[in-house]
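Letters A, B and C mark the chains in the order given here, with residues in each chain numbered from 1 onward.
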């Protein structure tokens, strides 16, 4: 965009130096964690004097952490399995209704994504407390599903808008009822978008911390909740090992999504 | 038209519409149950005593407390500070990224988006490691002789702000970068051919055309910043208390559900106020765009 | 007496203030090939989609045989449809696409496969059954769409501008093949197009539509030679609409009192080739153009109206010598002169 001004070299050098500093700022905290997780010392020294896998052993040897990992993975899977079908049906509904009805549905479904997490968390806490459901997997699950539905909708709505509705009409004219037209024609053709939506919903749950902190407890504590507690209380490099693993998992999921979207 | 609609066919049309509406019901139901009902419940809870009787005492208690007002001020300071930092850091970065070939820019964007895909807790931990008294940044500062004493960068306002800016910056960058990418390079060539200097091009062409993106980015930053909880709770070290951490403390430590609800409602009111101001600001931005392009 | 396959009874459809179908009634015989012809926005596709069940009329009745299908959902209508963009399922191969309606009807696997293969052979796609839909050419996709629409032996087939995406040569081949397939299977077919040549070539009858109304339903020859409205006359080809008083009978000086439709190719320059009951048009030659197989002359009548005259090159002995500005007369035989009923010029 600025190549029209080749003579302004100084401005360009300044701009890029500034950009480089900001980019370093963005990447630094994620990257600094990695070498720390392989440190042999229990001090947070950087760079570490000696390397070891003891913090990873610590993590995998801890029943508490393993339990939280299991909870988070189960929660993420259930969230995706519930949120994506719900979101798909809602998106088909919005796509067909159009106009004000679709806009109204969309604004309701997007409410959770613009509401501060702390409000959802305490509100949900009150509601669940009244039903004696605090600390249950169900409580956290509904919280995660409402956060994942808008995420899935953002992926699926444009995919449906691109979808050739004649295909559904063709299937209908050939004898398919609605269930078969959705299951046999729409779902297989949106499979890449559905996979993206599923992974994004999974990630949304995996990454969610505020609702977990308020609702999850005991053996239903999630990874983010345990990480939050241990950051507040004491910090040792176990967290670095967990953070590194966590980032690797998330980046792997993101890579799968982006690579699958290419074709 | 004199043609009368066939009532049976009209009923079929309504039935079909109801069918499509019904496809939204599962999603609407769960959002109603787990997002809208909870917010209404906060309002109800704010009028209840611990015993379950109706009262306005919670409001009197919360609104007369100095802690509430300092929390409100902290919330605003953090939000506006984060917004200002995002604009100052993000806009030039977006300009730099938008001025390179798309292929290069995509690779750089992937790095910029890395934090977006890292758990907030991982990042917060990273900042703790970097900003501690014996952390990497203080080591670099004292080692190079820039400061004699290590600075206190964490467990205070500065640390919280750094953490929040780090969280918001990629979110701010996305719409700004998209807006700048969309600018037709021929507009810049045209301005140059009419004698505009680089500075004038940035001021009279690039910035007005990116205003929409900067505005969207700012909305996103404010929406997230107002209720932000994790970063102040960890990097603030108990010394930085916006509404969000005050709500948590009132609820968890003092078990005062009524006061926590009142604080929640304050947060809602603040969001509504900012929403109204943003709507007004959007009109202003739209006007400025027109004026600047006439300048 | 032939039985009726489809009856459309005063169907009306409006979108807000826009009237897409304005009291349309139409009877189609069993085994007939009927074309809905009209410009875009004339309502022809809306009518087709109403028959298919994708557009719900505001009022009116649709009958298939003697069964009322007005309120039947599309999947219960047993109508084969070929869509304009074919709407083949890209996640299924050719065989799976064609077998799909049979699978929905719970036809046993082996039989479904055999019937699909037979149908593919009928549309000359043998050997492509396992091919991916994306790997097919436009013409091949067209044939798959055709096979899929006929494999379950529907009583009626609807085709929505099925050839509009093909190039000219392929289009002509497919016109011939679709018509041949129809003659073989005798499936009642409603075919939508905006191409009047295509309609003339393929149809048993043509219904010309404009602004949501059927203007005329007739055989191709009668639609072409005896248009009942000025719109039909002009839509079907190079038609000259001659105002009353401009033409006179060759054997008398009496001027016609009606609005006449004379096609450009109906004219002769030699009065002897036209009977005494033919008409003569006199005027000044404005322009002439040689178009290979014929000459196109533009004649300005005395009233100021311009008339196009098309003379086959083989019969146009003197055309090359004609000069613009000269006075001349064009003659048309009575059989080719058609008075448009009720039309005021």
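Rule of thumb we're sticking to: contacts are C-beta pairs under 8 Å (C-beta built on N, C-alpha and C of every residue); 3 or more make two chains touch, one makes a residue touch a chain.
Quick caveat, the model's predicted, so the values are computed rather than measured.
Centrality annotation: A (chain centre taken as mean Cα position, compared with the mean over all protein Cα atoms). With B-C and A-C as the two chain pairs, more C-beta contacts join A-C. In this assembly, the C-alpha centroid of subunit A lies 17 Å from the C-alpha centroid of subunit B.
Mean C-alpha position of subunit B lies 60 Å from that of subunit C. A separation of 56 Å divides the Cα centre of subunit A from that of subunit C.
Contact with two or more other chains is made by no residue of subunit A. The touching residues of subunit C, counted against subunit A in their complex, run 52-54, 73-75, 77-81, 83-85, 87-91, 100-101, 104-105, 148, 152. Residues 12, 14, 19, 23, 56-60, 70-71 of subunit C touch subunit B in their complex. Within the complex, the subunit A residues that touch subunit C are 164, 166-167, 169-177, 180, 185, 188-189, 191. For subunit A in complex with subunit B, the residues that touch the partner chain are 1-5, 8, 11, 15-16, 18-19, 22-23, 25-33, 36, 44, 46, 82, 85-87, 89-90, 92-94, 96-97, 101, 105, 108-109, 111-112, 114-120, 122-127, 130, 142-143, 145-146, 149, 178, 203, 206-207, 209-210, 214, 224, 227-228, 231-232, 235, 239-240, 243, 246-247, 250-251, 254. The touching residues of subunit B, when paired with subunit C in their complex, are 1, 3-6, 8-10, 12-13, 16.
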